[in-house]
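Before we start, here is the structure in question, set down as structure tokens.
Read from first to last, the chains carry the letters A, B, C and D; within each, the first residue is number 1.
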Amino acid sequence: MKRIKVGIINVTGYTGMELARLLYRHPRVKLASVTGRSAIGNKLGQIFPHLGDIDLIIQSEFEDVDLVFSAMPHKASAEEVVKALERGIKVMDLSADFRLKESAEYQLWYQVSHPAPELLGEAVYGLTELNRPQIASARLVANPGCYLIGAILALAPAVEQRIIAPDIVIDSKSGVSGAGRTLSLDTHFSEANENVSAYALDGHRHLPEMVQELQKLIPEPLSITFLPHLVPMTRGILTSCYAKLLRGETGREEVKQLYQEFYRGEPFVKIVDFAPGTKQTWGNNLCLIYPTIDLRTGRLIVISCLDNLVKGGAGQAIQNMNLMLGFPETAGLEMPAVYP
Amino acid sequence: MKRIKVGIINVTGYTGMELARLLYRHPRVKLASVTGRSAIGNKLGQIFPHLGDIDLIIQSEFEDVDLVFSAMPHKASAEEVVKALERGIKVMDLSADFRLKESAEYQLWYQVSHPAPELLGEAVYGLTELNRPQIASARLVANPGCYLIGAILALAPAVEQRIIAPDIVIDSKSGVSGAGRTLSLDTHFSEANENVSAYALDGHRHLPEMVQELQKLIPEPLSITFLPHLVPMTRGILTSCYAKLLRGETGREEVKQLYQEFYRGEPFVKIVDFAPGTKQTWGNNLCLIYPTIDLRTGRLIVISCLDNLVKGGAGQAIQNMNLMLGFPETAGLEMPAVYP
Amino acid sequence: MKRIKVGIINVTGYTGMELARLLYRHPRVKLASVTGRSAIGNKLGQIFPHLGDIDLIIQSEFEDVDLVFSAMPHKASAEEVVKALERGIKVMDLSADFRLKESAEYQLWYQVSHPAPELLGEAVYGLTELNRPQIASARLVANPGCYLIGAILALAPAVEQRIIAPDIVIDSKSGVSGAGRTLSLDTHFSEANENVSAYALDGHRHLPEMVQELQKLIPEPLSITFLPHLVPMTRGILTSCYAKLLRGETGREEVKQLYQEFYRGEPFVKIVDFAPGTKQTWGNNLCLIYPTIDLRTGRLIVISCLDNLVKGGAGQAIQNMNLMLGFPETAGLEMPAVYP
Amino acid sequence: MKRIKVGIINVTGYTGMELARLLYRHPRVKLASVTGRSAIGNKLGQIFPHLGDIDLIIQSEFEDVDLVFSAMPHKASAEEVVKALERGIKVMDLSADFRLKESAEYQLWYQVSHPAPELLGEAVYGLTELNRPQIASARLVANPGCYLIGAILALAPAVEQRIIAPDIVIDSKSGVSGAGRTLSLDTHFSEANENVSAYALDGHRHLPEMVQELQKLIPEPLSITFLPHLVPMTRGILTSCYAKLLRGETGREEVKQLYQEFYRGEPFVKIVDFAPGTKQTWGNNLCLIYPTIDLRTGRLIVISCLDNLVKGGAGQAIQNMNLMLGFPETAGLEMPAVYP
């Protein structure tokens, strides 16, 4: 079977690296071209020893491929996306550039005017479980933010089935790799180790995406507070969601069945019987979800966890790519988590 | 100045060890006697090398002292407390035995009948900032649970001043030492490392204390959901509290002033200008509090952090002891955090 | 292509779990039977959520398979090995029972008499890179200890080529999972975290294996000091080896070429151009080796690293199994490391 | 008792911060002035919240004090030292500038010509246990490198008493704070976490100090290989030293007594009965030493551990300051380690 050629724009960040790791073992595609903003001219394995078996030179421009992943930062990514589409290449954009539907909203949160607002209508939001058909036929998919996926998958069944009041608290705990490979004091080992802190208390950039996607499910306006926290581990996001049940008589078993029904057949969402730990998804593409009820207060609690670089990033993007290229959705993503 | 003699019952757990560390350097007391359930007959420094300078043998019964700390587990602690009081010794109990005022509530949560219900009326709940006068004159003080202190200090000003609706979510993240020195798979390094998980989803034993103490501040019934999480670090608890503001016009500055006013003069509570990290309290007795508002939803967010073994345990107990023995409240507790 | 059936005896430890993880994705075998000393009757995924896709019940006895892995502790393992061989089943033993050739040596280090000394002559020491032909035709292979592999692969070229004096220091740093899933205070998170210590200063049980296997390469008696250290991470062993060069004029480039020559064609040993980190092998089957010279003292320094649960355990065992069953040596083991 | 005024040049690195933490609680000195290369004009507590109780503004030049600590990087430090001495202020230099006696050696390792070679003769090497009298009367003391202290304290008794051959291997494992507060990819959390690696294989800058100081003890030339490793923790250095015993009959007890005798009366060096862990010295000024013998090979093994920021840095400097100012050597340094 001939493999389809794909490329990665900006392979030198953690998302790009993870795409390379996963695509290298993908049975249906061939990673044919990688670009970087640094390290141009080096073999991939010289910069990233764990990718030493991939025989590719980091280039400044990507070669002809059938689909390209952009792991560029926002704004710069849109410019690459436009160029790729003009060359007739499908694009999976992992930046924030095509996630928000309103360019004004984009400008508000990212403090730049949108470089390609004409594409906002066409771009499909790449949360596979909610937008499968649109993704399958898309030319441009915007891969969601890492916090998004755990939060929306945890809440979508309850919101769509209207079992909770529209007042929601989302408290997320993320490993440090979510902050990327760029150096900062917050991600300096001696500062981040043995430390937990909340951040982005004025509003995290993933919040407007959350509101946009959840709001699609019901007409009533949602009031969502989202607070991310940094915890001293490399990979993983655990999200705890809280909302009042509308009907007091809803029981735990009923909620569980509702969630199981909602995600029936989904290969990468599992409703589990226990409160999950992020480590159970280390390196794989699963999102584990545990819905329960605080019986004393009638509050729904939903815990989700995933690996921020896989289901929260590169794995989710490959799942979308599989749809766009007509492969089985699980191709290249079947590995169990590495535990412990 | 003559030092007052104090003792520690069950020095061999983390709370007992931490009491020994702090009392050893206390300028007004002399650690005169320590007991253990194991390691009896050994020098303290043989079992705990970091306490090698303390020249004490671990005994089965404590000698005559003026005040004794009990770091026994619940139920066993009450029995020691009774004996100490009968000997005319003041007691600082770090177990859960005298925290709840209702013995039925105790039985519900701890699954044993209370060993000394006749003392429940007399025991003072040892949250210094709220119960200072009662602690100063008490014979028996019940030191609060580690989660309690961060949660109640974060919420008390808002609850008492009635600026929030009585519907509260408390999401806590704790280091692993909070689970103590007893072995378990959850606290096995290879399982706990690189892992975050929620636990006690059916209700944590610190919840009834939280409700009891916060409910003292207002007559309206509070609806509190409390969810603890385990994060891969040794010390520290970060607590994030969420509740709707009652009046939309309350501003961030107003909230901050309310908190500063509430804690004016408190030596160990600091209202800070930034979202704090647990590491900023490593090894010291401070509780850092950052109140803010999610302006989009009108929700109060309060972040608190502390070292679970100091302000959340042994340090809080010594702060109470200082009051009970008439010392300056800060005696022996002035050390800056060890950072990084 | 029909898959060959294999089984795992004692799947409930970390080595057993890792075997299951890797065998599940192996293209040529089918994991058909797993046994445990605990959790019998449970589905594998109930006990180990990350293995939830493997549809197997933990049994007390293993079913008919073509080859079985024993991940039992020493002594108990030998008994299982005997039974399996009697049933005509090939065995890959991951315990220490068939590593040492002398039963007296075994008794000295393990304090029990050998349960099956009659098999010691037949058992092949499973260090693939040194004993490939014997492994390929063996009925019983003794998989090496985790420290062994990094140490011997680092030293074999220098010892066999006689470029160093026979006086060798081996200083190893291991992640905590090497101590297994059994609880102990040393592996309690709060004790192991933020801590480095040496252990087994009276002699580690992997030492006699090291001496036995290295001594095969030259007649001169070797004098080897081996000291293992515990470091606060889950996976990985880094080994630093030190020995005086015999001829002062040997240069770094010459040493590097000697190592490259020795391991030419080896799929899982890489001579690298930089001092490697354990994280570069997280979850995969590589051993990275960096030989260099301390030019001031004429001392050879060789650094090796690997994942103790993969190349240092389950991966090495599967590499051997591939040989025993006539598969390509790399089957099921081609995954890149998960980084960061 | 009047407190003596001291200052810190460049308080904004980890060594400077740690000096501030320890000096703030020192009973005999008053921290009167701190300077920084950044953050000038800010209150110390704004930049370092854990030092919030210290009421000092970070200045560009230090005020008049009796003694000043320089925590500047090498070369820049020498320039500050010269200025301070000219103002008649005693100096404790924590940089490398005055550690090596030969300016040519300095130039070789630091790649700059020495800014003040005329002071090299006068400067005293600040390893208290070996140079106590000279330090007490010095105007300028060069505080040793963090690796030095653990290595030399571990080896000095054996070298001086000539019980080992002059061929020594020193294998050190350091927490990440040893690399300072300056950002780098090696100390980026996601890179350093769950990783162990060796570095400086071409020679670490602390090596010439080690040779210089140990060589003072005997005339025979020493051949020392020193290899540092980075381990995923914040604080602590564990050093493992290896050398052949000259006389085979030397026993473990004899070695222990030799070490105990050598360090008799030393307040901050403890010969311990077990292999120590770095965590046992977290935050305090102890160096724990465990000498033993590999009986199979007749090799002396000495393990030492300390907190790199305390006994390996700021604590050692304050111990020296105490001598220089005529205080009890332990003043301000008596705190037990924070454990766990």
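Basically, contacts are C-beta pairs under 8 Å (C-beta built on N, C-alpha and C of every residue); 3 or more make two chains touch, one makes a residue touch a chain.
Quick caveat, the model's predicted, so the values are computed rather than measured.
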*Is the number of contacting C-beta pairs greater for A-C or for A-B?*
A-B
*Going by C-alpha centroids, which chain is farthest from chain A? Tell me that one.*
D
*Could you state the distance in Å from the CA-based centre of chain B to that of chain C?*
46
*Hey, how far is the Cα centre of chain A from the one of chain C, in Å?*
36
*How big is the gap, in whole Å, between where the Cα atoms of chain A centre and where those of chain B centre?*
38
*Touching two or more other chains - residues of chain C*: 14, 175, 177, 190, 193-194, 232-235, 276, 279, 282, 340
*Can you list the residues on chain B that touch chain A in the complex?*
167, 169, 171, 173, 175, 190-191, 193-199, 201, 203, 207, 223-225, 227, 229, 231-236, 238, 240, 242, 244, 275-279, 282, 290, 292, 294, 296-297, 299, 301, 303, 305, 340
*Mind listing the chain A positions that touch chain C in their complex?*
14, 17, 21, 24-25, 48-54, 177, 194, 234-235, 270, 272, 274, 276, 279-284, 288, 334-340
*Of all residues in chain C, which touch chain B in the complex?*
14, 175-177, 181, 183-185, 187-190, 192-194, 232-234
